[in-house]
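Take a look at the structures listed below.
Presented sequentially are two complexes of subunit A, the first with subunit B as partner and the second with subunit C.
Let's turn to the complex of A and B:
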């Protein structure tokens, strides 16, 4: 690729980072809407999600135009990875919108209990997302690999929360609606952590040409 | 399993005092397509021409090292170069049909080998033209001049001429670089068909072409073999920075 195309690759990266920043904002707002019981904030997440969706289409369009120029080696991996990161970010954005939706539902009722584990899960998922994107920006595969075990911690916290909510439901059927909403919300946070993991795996592929998905030890291409 | 059919060991080539190839050792596998890529002047065509001793025709050329084909060093003094070139055919960048009929172009090599039987020659011509995916286009005008064919057809005719004498190996020096995309596509399809029967080594400047048709790719720079690996590896995740820079167009 020539220098002009280098510029285009840089533009693709910038656009992706703008999208990532929107997704992080959407998740943060969704959780704040729950914790602060703020419906206005929750409704703003929908606007963020619409903008994220538009960015997804723009990024895919840029990527297809670049692929048509038949890039190779790292350029090829970069564009493929950009498309996959974009898709994971869009889904994380959808999850944030789902968090906001459950927040509105929960805000209508009395708070079941102080929210401790859910904000913690959100912080962990956001941290994973932030680190995987940081690895992408700085080209640091070590940082990307460090994200992977964090997903297990989020999964553990998710299971712990599930057990706790089931015990609430068994104890008092009047809590079932709220518990189900919280379960759904927690599931969405767990999915955000999965998307962050996917992004980290893609970053390793970009930097090392190794596919480490699904526990693969990293077969060289 | 594809065994090694060509093996070079410490092959160096000098044009007078200037060294064009620097101690190249590599293997070409049987019945696969191996592509040579690299910037102009990197030595890839010179290296290709070592495989059927075409460089012998140039004055002032000196070669060290060896090129073994099926275990025999083709630079040994007792090697019959004519026999060698029957085993190792070649197709060039610019199609070069003889100013004869389509039929005679294909039959030429067999006639040189002393085949006179008309039926035998007819069979070879038909089989070779079919093998070169040209038969349907020319079967009704076999005795017209080959020079009346289009550029793409002429190149496929040259491929038919090369396979008529049943070589083991086909060397191709940028065989599609003078052709339009449709004719190029036909030649590329043909190369993929031919590898069922032949070992093919192709020099190309077109990296997308190398990704489409080759199994292995060798990258040359300034007379050195920089990297040799599967085509997938070279074009998705090359090991050497120079290869990466060349295939992404950031060279120099």
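Let's turn to the complex of A and C:
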């Protein structure tokens, strides 16, 4: 791959980072829309998501064009991983849009209780997303591997929240619709953390050439 | 791309079909486990899912090896689409495993009511999956496009089921945990239909070179 192509790879990386930044903004806005009961903010997430979708198509097109130039093995892997990261970011953007949608639903009713665990889950998912992209950009497999156990923490917090919300519903059925909306919102945050984990796994694969998907996570850490 | 590589493309296609067939079996077993209240069958879905995960890694490796051989533009696109289909199948397999898990949970309690809409949703999702793969194998864009509106039907059925289950919960709170399990199970079927839709969109892109993701579905149909 020549100098020109190297520049194209750098552009691909930059575009992916721009996409990741939009996804982070979308998640942050979705959660702020819930906590601050701000419907206007929630509706802005939709615009963010449209831009994320456009970036996905642009990145995909760039990647296909680069693959057509018969890249070196190392660059080939980089391009494929970039495409996979892109797909995960697009889905994380969809989840952020879903968070905003549930926020609008929840803002219509009286707040069930102060939101503590949900913003915490969101912070953790954002942190994972940020670190996995950082690992990709800096080429740091250690940082990527550090993301993997964080997903278990998010899962634990999610399960705890689920149990708590089910107790609420059983104790006072009048809270059922709100609890269901919160359950759906929390599930979306949990999926964002899953996408961050997928990205981290792809980065490890890129840097170490080892496939650590499907439960082999603990073997080398 | 030479004759040898053509054979490799055919192998890639065959492996993808084998994977799709496992995913279909996993979904069918998961739903049968629920309807027939058969925990043994549900536990077999886990084995199926492990095999699906192995096939994903094999297909990915085959695709990367093929991409490294500087394929012609047309074949390049075929290989990339095969990788994307593979990823969607893997996630559909995960959803099938989730269906089986909820079936085990539901089988522990008295059946809420005869399952009608859930098997119907599953049949529709299976049909979509089958058709989108068929469109890929036969290179038929018309069949692929026919899958897209089916997703709307699944979404409608899903929303109807959600409303019904929420009414149940409100009327008799003792059904809450069962209703929640059914809601989660239905959500997984809805996601399987989404994956089938993604596959159909990829097939249209492969055959027509047009990207119809992100809400442009209705434009040309």
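Just so we're on the same page, the second predicted complex is superposed on the first by the 216 of 221 C-alpha atoms of A that agree within 3 Å, B and C clash if a C-alpha of one lies under 4 Å from a C-alpha of the other, contacts with A are read in each partner's own complex, and residues count from 1 in each chain.
The rule we apply is simple: a residue touches a chain if its C-beta (ideal position, glycine included) is under 8 Å from a C-beta of that chain, and two chains touch if they have at least 3 such contacts.
This one's a predicted model, so the numbers in the text were calculated from it and none came from an experiment.
In the superposed model, A:57 makes contact with subunit C only, not with subunit B. Within the superposed three-chain model, A:214 lies in touch with subunit C and out of touch with subunit B [touch as defined at top].
After overlaying the two complexes on the shared chain, residue contacts for A:65 are found with neither subunit B nor subunit C. Between subunit B and subunit C, the partner in contact with more residues of subunit A is C. Legend: residue contacts after superposition of the two complexes on their common chain; A:87 is shown touching subunit C, with no touch to subunit B. Contacts of A:75 after superposition on the shared chain: subunit B is touched, whereas subunit C is not. In the superposition on chain A, contact of A:47 is made with neither subunit B nor subunit C.
Of the two partner chains placed around the shared chain by superposition, subunit C is the only one that A:180 touches, whereas subunit B remains out of contact. By the touch criterion defined above, A:169 reaches subunit C but does not reach subunit B. The residues of subunit A shared by its contacts with subunit B and with subunit C are 70, 73, 76-77.
Subunit B makes touch with subunit A in their complex at residues 207-208, 211, 232-233, 235-238, 243-244, 247-250.
Residue ranges on subunit C touching subunit A, taken from their complex, read 50, 53-54, 56-57, 60, 64, 67-68, 70, 73, 76-77, 80, 83-84, 87, 166, 169-170, 173, 176-177, 180, 183, 211, 213-214.
The part of subunit A that touches subunit B in the complex is made up of residues 1-2, 5-6, 70-77, 208-209, 220-221.
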